[in-house]
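Following are the structures in question.
Okay, so chain A shows up in both of these, paired with chain B first and chain C after.
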Partner chain A sequence: MNIKKIELFFFGILFSMLAQLGHAEAFHPGGAPGTQTIDGYNALGPKVEQPIEFPHYTHANVMKINCMYCHTYARRSAVSGIPRLDKCIGCHKMIPEVRDRPRIKKLFWYWDNHISIPWKKVHDLPDFVRFNHERHIQRFYFQDKRPVREVCGYCHGDVANMTTARRVKAISMGWCIDCHKKDHQISKVNLKTTNGPNDCWMCHK
Partner chain B sequence: MPVKKQESIDTGERAMAAEKRPIVERRDFLKILGISGAAATLAGCGNTSIESGVEKVQSYVQPEDFVVPGNSVFYASTCTQCPSHCGVMGRVREGRVLKLEGNPNSIISNGKICGLGQASIQLQYNPDRLTTPMIREGGKLVTASWDQAMKIVNDGLGKDSRIKGNEIVFLTNSVSGHQKVLINNFLESYDSKNHIAYDSLSTQVGDQVRENIYGYTNPVHKIKEARLILSFGNDFLGAGVSPVYLANQYAQFRKAPRGTLIQIEPRMTLTGGNADRWYPIRPGTEGVFALGLANALIQHPEYDTTLPTELTESLKAYDKYTVGQITGINPDAIGHLIAMMWEKTPTLVLSGLSAEGHQQGYQNAYAIELLNVILGNVGKTVTAPMENPFPQMTHVNGNYQGLVALNNQLDAKNVKVLFMMGVNPVYTAPAFIELKNKLSNVPLKIAMVTQLDETAELCDVVLPLLSPVEEFGTHLASYQPEAIEIGIQQPLMEKLHAHTKSFGDVLLTLLKERDEKSYSKYPDYYSYIREAVVKSKPVFKSTLSDDDFWDSALMNGVLHVPLKEAQIDKVKIESVNLPKVETHPEDVNYPFYFVPSVKADMRDGRHANLPWLQESPDPMTTVVWDSWVEINPKTAQDMQVREGDILEIKSSMGSVLAKAYLFPGIQPNTVSIPFGQGHTAYGRYASNRGVNPFKIINPITDEKTGELALFATRVQVTKTALNEKVVKDEGPTTLQQGRKLVATMAADKAELSKEV
Partner chain C sequence: MSLNNLIKNWTSFRSRRPYLDQYKNADYKWAMVIDLDACTGCNACTTACYAENNLPVVGKERYEKGHAMHWLRIERYWGEGESVPVDMVPDRGAQFLPMMCQQCEAAPCEVVCPVGATHHSADGLNTQVYNRCVGSRYCSANCPYKVRYFNWWQYADTAWPNPLELQLNPDVSVRSKGVMEKCTFCVQRLRESMDHAKTDGRLVRDGEVTTACAQACPTSAITFGNLANPQSQVAKKWKNQQIALEKDEQKKDENLRGYRIFEEFRTYPSVVYLERVRDLEA
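On to the complex of A and B.
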């Protein structure tokens, strides 16, 4: 059997197995409506069940809270981290109107018991990839003064229109490199362009 | 035909087909195929390797303000992997210690640490750590609660047990600081003085010589001041008394004007590998060679006689031809060396384990030290250590005499309760002691460990301790070169396992049972250490408040006692201590010398549980994860031994089997196996790997000190029919990949005085 045959044979098996298992979430043959297709790959990740269905829409869109108000580490550290629980509580103590909502009750349950919320990672890169949030935020938000929703959205999509976040970009190596290859204007005043580093060691340390 | 159709797909079509491919998470695919666990770690390449919803990402509930996930915080502490006690800095991220580096405030480490120190992080995350106490029930060790375990300990020690003070023995390795103070306080509360420090690789012989000659066991060796170092088997760059400090000194010694290092030893150590000239010597004859040099030195016109005439007279017997015959070193080497010694002053002469571990070990070390006196090094490159204002915290060096003392008490059936911490005597004691059997007579044996080792497995109660990166402590290194440095050990992270406890907390609990009044004010070990450190403030002439003093001690990681230099004011030499001029008779039954090697990382096997150390190639041979027998290539040729042939090494005490490794850095009639492997317990990384050379050591001791002569065993070497691949880093051929990358010259051909 030559390579082509093996390949098709292999995918044939795979199709039938997946069809039987009905892995609808992990597997989107036609692409869900509104999904981007990048490099021929459907970029929409599976729906992730979170311990609390955090409504990004309410916070970032309706209330217009800057992403970095909660994700405060993104501009200071390689990892964006997850907002500290006392940050949620700090505000929600002041909003008694919503206190009885199931999600807020759950939030206070974690706080009262001093337990950290076991969120699930939605954008979990392999361990051999070092993505640096700080570097990107500093460049595009602080230096270029682009809107925060746009800057975060380069990789995370329009989270402000989501409830719990879901992956909508491929975030593959090719996808990263595509962006790094593009010419980005250095700043609003400096028309010179530069592109992202193309060195293996930049991300694989 | 589907087959034909597939064949007809051209590249363009394939690309289109590829676009229509479904995405399948690689992990899901493996799951579907029933491959999971370790195999699933294959996941990771291609554009589908990003995961969603698999792992958790938990936030802090209420962190300190300075905590930024992803950014590291650094805390100072002290390395406890060896008695050098280097100051370290731990890099901590998200509450986990990830990496240790040297603490620049520490004189000993000067901001650097060795591989052994680096690997200590693996103690913390070792999957085989003991996480709950264990007690013996029905002959077996079973998991228990702390209450159950401590009840057995208290019952054994309590009033009803009618125990007398000296029936309690506390066996440790070398120990210092408040660990030592607490152990002694605990024993004193029972009127016992039975703290026994046992170290299987002790430096006792050399220490005793230095004590007798200079009045100090550990005079400071100023390597960087010397221009020539003559070392008799002292592996100061490898498994020495303070490898990090001395390596730093050595680097400065090698700067212009470049110092010269001459190493004399039967088997090349790491330090030997760095030397300008390396002389192989017949094991045990180092002292004779040193006296050959001494004899030649005093003939020199520049020699300023301060030695007793009786001694200079007796040196005459050590003429270069006799010495050459006994030691196996070309007699002309003496002349070459002497010329260099007079030329390159000041010099420094060091004796090491392989010269001291013989029946005449004391005499060997004495003769070697004599060279320092003759060369006028005392006060220049051999100076007195600083005065230590904390005698109760001083380092106690463990030695073989510790094991002898324990053995005697066991023979007399005098031990009722035996505490053990930081030692594994069942593994390190030579076979002839039969320790395992004798221990079975002790009614209550308590091991305090982080991992079950061979000794803990035999105990009645095993208490799981915190790892060194979770623990408080103070340490005083055995070698204090420039100032008295107190290393402050502090937890770099919270404890990983809920049911592990601090050594100090266990002892304080026991002490409170005896003396509630004095110890009730210390709720825990932390408060005890804190108060002890704060009370020592006047010695440091600090004007800070108590809180600030403590905080600064934690921040700096070290406390330095203001300089108070001492002098070596008298040197005492007696000729009765000289090694005899005698040829070492061949032993027909056991024709080979057995010179085990001490690796800088494994030491006596206490670090075999750390996989980084197992996998890092031995610097001399590049072998990993195993034991091997080093044999000279010429001897191997005579015996028709190839690399990997399994050799049986047999002494009068027993035999071991290991793979041959052809090593030019060893005497022709000598074989060597490194210490450290051959564990039967101690977790997955240590157990059932290689062989334990301690078990074939002959019962020969140093005549003067009674220390075990680790390098005096004679063995038979027999080739078996088996051959196994030696797993090593170097290429298939030894000796510089079969190419002469670095040209070398036999020592007897080299004209040292002209060349170096």
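On to the complex of A and C.
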């Protein structure tokens, strides 16, 4: 081992030590050090390969379609729902000019073969967690009249600027609680508390 | 609370009625009435509870070891003494009593949990947070009604072989080995109806939500509802029986049938039983 190599070697050690120091400073609940963090929480979820690379950007941003046009159940049930295939086809039958694009071809292939698209879950909560879309949408969209992209974006990020969605918020317990602790203005239906519930059995099951 | 503190304040600790005033202005206080006169011991409630709450059927062998997982059991008693001579009505001597968590207001199980996994919710439920439970089973030892069940085996792996897992209720978690389980008045149903009610800007109406056991009972022996709403069936029945939640000693008419089990332990249970009336002449 010549001098240069030894120097390099020590440099390497020093460097990795420094890097570890840097990691130790940030707080990574539930996440491996080195992954992207938002507000101290490990946030960027795994990239999910969908059967069709669905461009949220085109639909939600360019076409300005309300998120709840496709995710119908968000306003009235716990789950927001993956749109049924006939919802996609209902529109795309009327748009012949994009009919020859590969993704749309794939879409019609599923339709013609009577197979529903096997979408993969991007925001997958543990089985012991009960999250309710209804309450959040009712509170912030219908009562507080905030824009839908903002309301959905609290948890899902700026989906309107994504192609296939990817988890960009932590969606961990501490992250939920952080928001529930915030003071939200009292509204007609929610007269007693200004913040979200704090009881274990509101979210756990 | 240190031991010194506890001994010093023992009297006040014992006479404490923690939730005496909590429900004066509260929206919800879930409670139950079980009419033993109507109960035929058919076990429909138990079955419904199994189905609703993802309870595993453990099998004979484990049942014999006391590893059963029924959150609701039908207790069977035989008449004794002069009031109900067994030999007189041998086929009708048995008396049935559905026993589930009594949702005590001063729950003995709550104070002993080392990790606070069992706690009291604002609407008067004794809840169990399965993720937090470390399986000390101290709560079970302290429960006078013996309605807490310990998951001794990883039942989740064996109780629902494919495709039986499709019958599981997605609103209830499938508990793993090493946690204490119990009835929580089908809290998943309560939460759902409370959510919908909140969206509509009202309170849950009487009869809008009920527990699985009450729903399944063929004789409607079980009444479930919101005690904080004086118009509810449950509140009316409690009142008719002259039973008040915050009292441990009920002074009431001799002819009334209502009672709460082990009231003298000052657990302030939320379940009222109506005594069975027997006609020995028939």
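Here is the rule we use: the second predicted complex is superposed on the first by the 158 of 205 C-alpha atoms of A that agree within 3 Å, B and C clash if a C-alpha of one lies under 4 Å from a C-alpha of the other, contacts with A are read in each partner's own complex, and residues count from 1 in each chain.
Note that a residue touches a chain if its C-beta (ideal position, glycine included) is under 8 Å from a C-beta of that chain, and two chains touch if they have at least 3 such contacts.
Just so it is clear, the structure is predicted and the values come from calculations on it, not from any experiment.
Set against each other, chain B and chain C touch different numbers of residues in chain A, with B touching more. Of the two partner chains placed by the overlay, only chain B lies in contact with A:115; chain C stays clear of it.
By the touch criterion defined above, A:138 lies against chain C but remains apart from chain B after alignment on the C-alpha atoms of chain A. In the overlay built on the shared chain, the residue A:150 is in contact with neither chain B nor chain C. Touch criterion met: A:86 reaches chain B, while chain C stays clear of it. In the superposed pair of complexes, A:53 makes contact with neither chain B nor chain C. Once the two complexes are overlaid on the shared chain, A:199 sits against chain C while remaining clear of chain B.
By the touch criterion defined above, A:128 lies against chain B and chain C together after alignment on the C-alpha atoms of chain A.
Shared contact residues of chain A, touching chain B in one structure and chain C in the other: 76, 78, 128. Of all the residues in chain B, the ones that touch chain A in their complex are 3, 6-7, 9, 14, 18-25, 28-29, 32, 43-44, 46-63, 68-71.
Listed in rising order, the residues of chain A touching chain C in the complex are 76, 78, 127-128, 130, 132, 134-135, 138, 188-190, 199-202, 204-205. Chain contact summary for the complex, chain A toward chain B: residues 2, 4-5, 8, 11, 14-15, 17-18, 21, 23, 26-29, 39-42, 45-49, 73, 76-79, 81-86, 110-111, 114-126, 128, 133, 166-167, 170-175. By the touch criterion given at the top, residues 119, 121-122, 125, 127, 129-132, 171-174, 184, 187-188, 191-192, 195-196, 198-201 of chain C touch chain A in their complex.
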